[in-house]
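Just so it is clear, A, B, C and D label the chains in written order, and each chain counts residues from 1 on its own.
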Amino acid sequence: MDTSFFAAWIEEIATAVRDQKDHLTQLDAAIGDADHGANLDRGFAAVREALAASPPETPGALFVLVGSTLIRKVGGASGPLYGTVFRQLGKTLGAETADVALGDFAAALDAALSAVQKLGAAVEGDKTLVDALAPAVRALTEGMQEGPEEAFAAAARAAEEGAQATVPLQARKGRASYLGPRSVGHEDPGAASTALMFAALQAAGGR
Amino acid sequence: MDTSFFAAWIEEIATAVRDQKDHLTQLDAAIGDADHGANLDRGFAAVREALAASPPETPGALFVLVGSTLIRKVGGASGPLYGTVFRQLGKTLGAETADVALGDFAAALDAALSAVQKLGAAVEGDKTLVDALAPAVRALTEGMQEGPEEAFAAAARAAEEGAQATVPLQARKGRASYLGPRSVGHEDPGAASTALMFAALQAAGGR
Amino acid sequence: MKKLINGTDTVVADALRGMAAAHPGLRVDIENRIVFRASGPRPGKVGLVSGGGSGHEPLHGGFVGYGMLDAACPGEVFTSPVPDQMIEATKGVDGGAGVLHIVKNYTGDVLNFQMAAELCEDEGVEVTSVLINDDVAVQDSLYTAGRRGTGATLFVEKIAGALAESGAPLSEVAQIATDVNARSRSFGVALSACTVPAAGKPTFELNDNEIELGIGIHGEPGRTRAPHAEAREIVRIAMDAINDDMPLSGETLVMVNGMGGTPLLEQYIVFAEVAAYLAEKGATPARSLVGNYVTSLEMQGFSVTVCRLTDELARLWDAPVETPGLRWGR
Amino acid sequence: MKKLINGTDTVVADALRGMAAAHPGLRVDIENRIVFRASGPRPGKVGLVSGGGSGHEPLHGGFVGYGMLDAACPGEVFTSPVPDQMIEATKGVDGGAGVLHIVKNYTGDVLNFQMAAELCEDEGVEVTSVLINDDVAVQDSLYTAGRRGTGATLFVEKIAGALAESGAPLSEVAQIATDVNARSRSFGVALSACTVPAAGKPTFELNDNEIELGIGIHGEPGRTRAPHAEAREIVRIAMDAINDDMPLSGETLVMVNGMGGTPLLEQYIVFAEVAAYLAEKGATPARSLVGNYVTSLEMQGFSVTVCRLTDELARLWDAPVETPGLRWGR
C-alpha cells in the first residue's frame, strides 16, 4: 500500500467526518460537551489543507503530518489522542518506506494503539475510542492472511461492534466519566469516530 | 354613606384585585412590564392591614389612609396615581363628615380625577386609567338623581366601557407609549383596574 | 418559571441579604430597602441617590460606594420604589450640601421621586433631580412618556459621583449629570424575553428566528420585531439609530451591556462590531465597558450606550471608584 | 439557536477582536489566539499562563493583567486550546524565571498542556504545571478522569498571580497554587442547558420542574437530576457536598458564580443562603465574589466555590489586581 492509498484513506475519513459531524457532536452532547464532530471536522479540514500544501512522499511522512496537524488544530481530548495515533503510525512505518506491507501496517496500528493508551491511560471497557481501536487492530491482524480487503472489512466490523459495545458501559475516562452511571446507555463519541475511520479504510481498500 | 360602607367598598376592591391579579399582570405583560396586578395586590393587602390596625372614623380619614398607604407601598406609576385618587377623595370629603351624600361623593370623585390628571398629565384617549375613571365619574354624576344603586351601576358600566375602549387606542402616556403603534389592540391595565374598582363600588352598593 | 429564589414575595429582601453579606463596604437596610455606603455621609459632600425597580442588577445597589452613589433604593422587580425609601435614603446621605436624585425617565420613577423630593424639601434637605432619558428607541414627543432612561444612568452615576467626591456644589454636580445625559444615547435589542417572578411567565414570546429591536430594560417588547441576523447587522441597526440621533465623532465612552442572559463571549463580539462602526464614523471608543451592568433579569440581548466625551468627562470617568459593580483606582 | 454571532466559525476570533478593542491593557494576538498583557514580560517575574475552551468568559482572557495571568490561550468553545498556542504564550511571557501553567483537570486540557510543556522545556523554558481539580461533584477515583477544575481556577490565578508579582520563584508560586487548589472545593447546579454554537442545539433538555446537580462548566449534564426547589434547599445540597468533602470552618473565600444566564439578583439570593450555611458551620465569608466569573455560555445556574483562607492567602487575595474581570487596588 503506497502513499496515495493512504492519502485516499485520509480523504475518506475527512469526508465521513464532514458527513457525520452533527451525529458525532450529538453523541458528545449526550455524555460530553457537544464538540466532538466539530473538533474532528476542524482537524481533518486542516489535514486536507496540509496534505494539499505539501504532499508527503511516503506513508510514514503522510501519517506524521496528519498526526501533527491534528495535534496542532483540534485541541480537546481527541486532538492529542488521534494526533498520537497517526503520528505513531507514521513513526513506526518510518519516513523511508514507500510501500507498506499489510503486516507492517497492522504492527504500526498496534504501536499506535499502545501509544494512545500510554497517553490517555485508558484500557478497554473504559468507554473510550480504545474500545473501537483495540478490537479493530486485533481483527485486522487476525484477518491479515486473507488479504487487505478482508482484513479491512474485519477491522471495520470489529470497530463498529466495539463502538456499539460502549453503549451499556459506564465511562471511566474522559468527560463522560463525570456522569457516573448516567453515562450508561450512550455510545461513546470517540469510539464512534474510530469506527468511522475503519469504515473509511474499508472503503479506501475496496476501490 | 358612612365609613363602614366605604370600608366595604375598599374590601371589595381588595378582593377583586386579589382575584384579578394575574389577569391585570398579563394585561401589563402585553404592553408594559408585567407588574400591575402584583403592584395593586401588594398595595391593597397593605391597605387592609392599615385599616385593620387603626380603623378610621370618617370616610375622609379612610380614603386618606387608603391613598397614603398605596403611595407608601405600591411604587410604579399606579402607586402615586391611585394613591392620589384616594387621597384627594379623602381630602375633598374632609376628615369631619361622618355621612357622605351621593352628590358630595360625586364631587369628590371629580376632584380626584382632576388631581390624577394634574399629576400624570394624561387626558382621555391617552390609553390610561383616566379613560375608565373620567367616564365613570361622569356617569355617576349624571345618574345621581336615580339613587346610589343606579348611579353606581352606571359608573361601573361606564368604567368598563371606557376600559374596553382603550383597546384600539395607541398609548400616549405610561410605559405602553414606548410601544408606539404596537400598543394598539390591547386593553390598558390601569383602565382595567379602574373598571374593577367601580364594579366593586356597585357590588358594595348592592349589599 | 425556573428561578433561584425562595419565593416570589421575598426576592428583593433575600437579594438584599446577599448584598449585605457580600459587601462589607455597604450598609444594607433590608427593612427599609436602602443600600447605603457603610461609611455614611461625608460632611460637605453632595449626596447622590438613585433607585428604581429591581431586576437591573448591578444597577443601582451595585453602584453605591466611593466615587459613585451614596444610596440606592431598590423597588420590587421592575417596579419603581416608593417615596418613603427615597426620603429615608435622602436624609441618610445628606452631608449638608444637598442631594442629587438620579431618576430614570419612567412615569413611576418620576412620580415617586417627585413626591419624595417635595417631602424632603419640606424637611429642609435641598434636593435637585436629574432625569435620565437616553433611549433613542422611543420618540421623545408629546405622544409618548418621553425617552426611557437606560445605560446612560451608569455614566451619570459614575461621572457625577466623581465630581461630588471632589467637593463640588450641588448645582455643578446636577449640571454635569445633565450634560452626561444630554451627550449619551442608547439602543437595546432582545433575543428573548424575561420572566418577572411575580408574573410567572415571560412578558412576550419570540420565535426562534425573531428579535425585538428598541427594547427598554423592563422586559417589555420593543418598537419592532425583526428577523434574527448576524451580530454585525444587528449592531448596525442599533448604531444607526444612535448615530441618526446624535452624529458620532471623536472620543466616546461606550458600553456594550448584557441584558442578563447573554454570554460575555457574545458581548465581546458585539463590542467588536460597535468598535468597527465607530471607526467608520471617525469616532473611537476611548473608554469602554463590556459586561452586565443594566440588566433585565435573564433576558438575552444587549444594549449599547455611547457618550461623547470631553476632556473633563474622561477625567471624571477615570477617577477612582469603589463599588461592587465598578471599581478602579483604589 | 439564537446568538449574537456572525457565524459559528468565527465566534472566538470575533470575540477576541472585541477584547482587543475594549482593553488597551491587553495585547491580543488574534491570529494565534493568545491574550497577553500589553506590558510584556517582566524580567525576573514568574510568568503565569492558563487557557481552556472558550465559553467560560471572563475566564481566562479576562484575568490577564497585573497581579493575575500573563497570558491566556482560548480554545474553541468548550474545547481545550492546542499546544501551539500554549508554547507561543509560554515563550511570550517568560521573563527568565520560568512559567507556571495553570491547567484545569480535563483530559483535553491536561494532554495539550502536557505536550506544550514538554516542547517548552526542549526549548529551554522552565515550566511547572499545576492541576486544578476542585469539583466535588466528581468522585476522584480510578473510575473517573478525576475531579474537574472549575471555580478554584480563579482563586489560584489571583493568589498565585499576586505572589508572582512580588518576585517569588517558580517553586513557591507553584506551591501556593497547589495549596489554594487543595484548600478549595466547588459544586455547580444548572437550571437550563446551554448551546454550543457549532452544535446548534442545547446539550441537554430539562423539564420545567427539574434541575441538574453537580454540573461542570461545559454544558454537560450533572451527576443527578432533581426536582427544582427553593434557592435555600438547592444551596444546602451544594454546600453539604462541599462540607462533606472539606469540613468548613474559620475564614473562607467564597465565590457564588453565575453560569452566564442567571441574573445577579438571583446570585445574591444564593449568596445569602451560602452565607447563612457558613454561619451554621461556624465559618465566615471573609472575602467574597458574586457574579459571572467562570461561565458556561448562557446556562442558567450557579456554582459555589469555597477556599479555606490562611492569613497569607487573604493577604495575597487582597493584593492589587488589574484585569478586565477582576480589579482592585489600582
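Keep this in mind: a residue touches a chain if its C-beta (ideal position, glycine included) is under 8 Å from a C-beta of that chain, and two chains touch if they have at least 3 such contacts.
Just so it is clear, the model here is predicted, and its values are computed rather than measured.
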item	value
Contact distance in steps, from subunit A to subunit C	2
Most distant chain from subunit A by Cα centroid	B
CA centroid of subunit B to CA centroid of subunit C, Å	32
Mean-CA-position distance for subunit D and subunit B (Å)	54
Approximate Å spacing (C-alpha centroids) for the pair subunit C, subunit D	29
Sites on subunit D at which at least two other chains make contact	77
Numbers and ranges of subunit B residues touching at least 2 other chains	none
Overall pattern in which the protein chains touch one another (line/ring/star/complete/other)	line
Touch relationships between chains, expressed as pairs	A-D, B-C, C-D
Residue ranges of subunit D in contact with subunit A within the complex	53, 75-84, 106-108, 111-112, 114-115, 137-139, 142-145, 148, 196, 198-201, 203-204, 216, 218-224
For the subunit D and subunit C complex, residues of the former touching the latter	1-7, 11, 14-22, 54-55, 57-58, 62, 77, 191-192, 208-209, 211, 228, 230-232, 234, 256, 260-273, 275, 285, 288-290, 292, 295, 297-298, 300, 302, 322, 324, 327-330
Parts of subunit B lying in touch with subunit C, wherever the complex brings them together	22, 25-26, 29-35, 37-39, 42, 71-81, 119-120, 170, 172-175, 177-180, 182
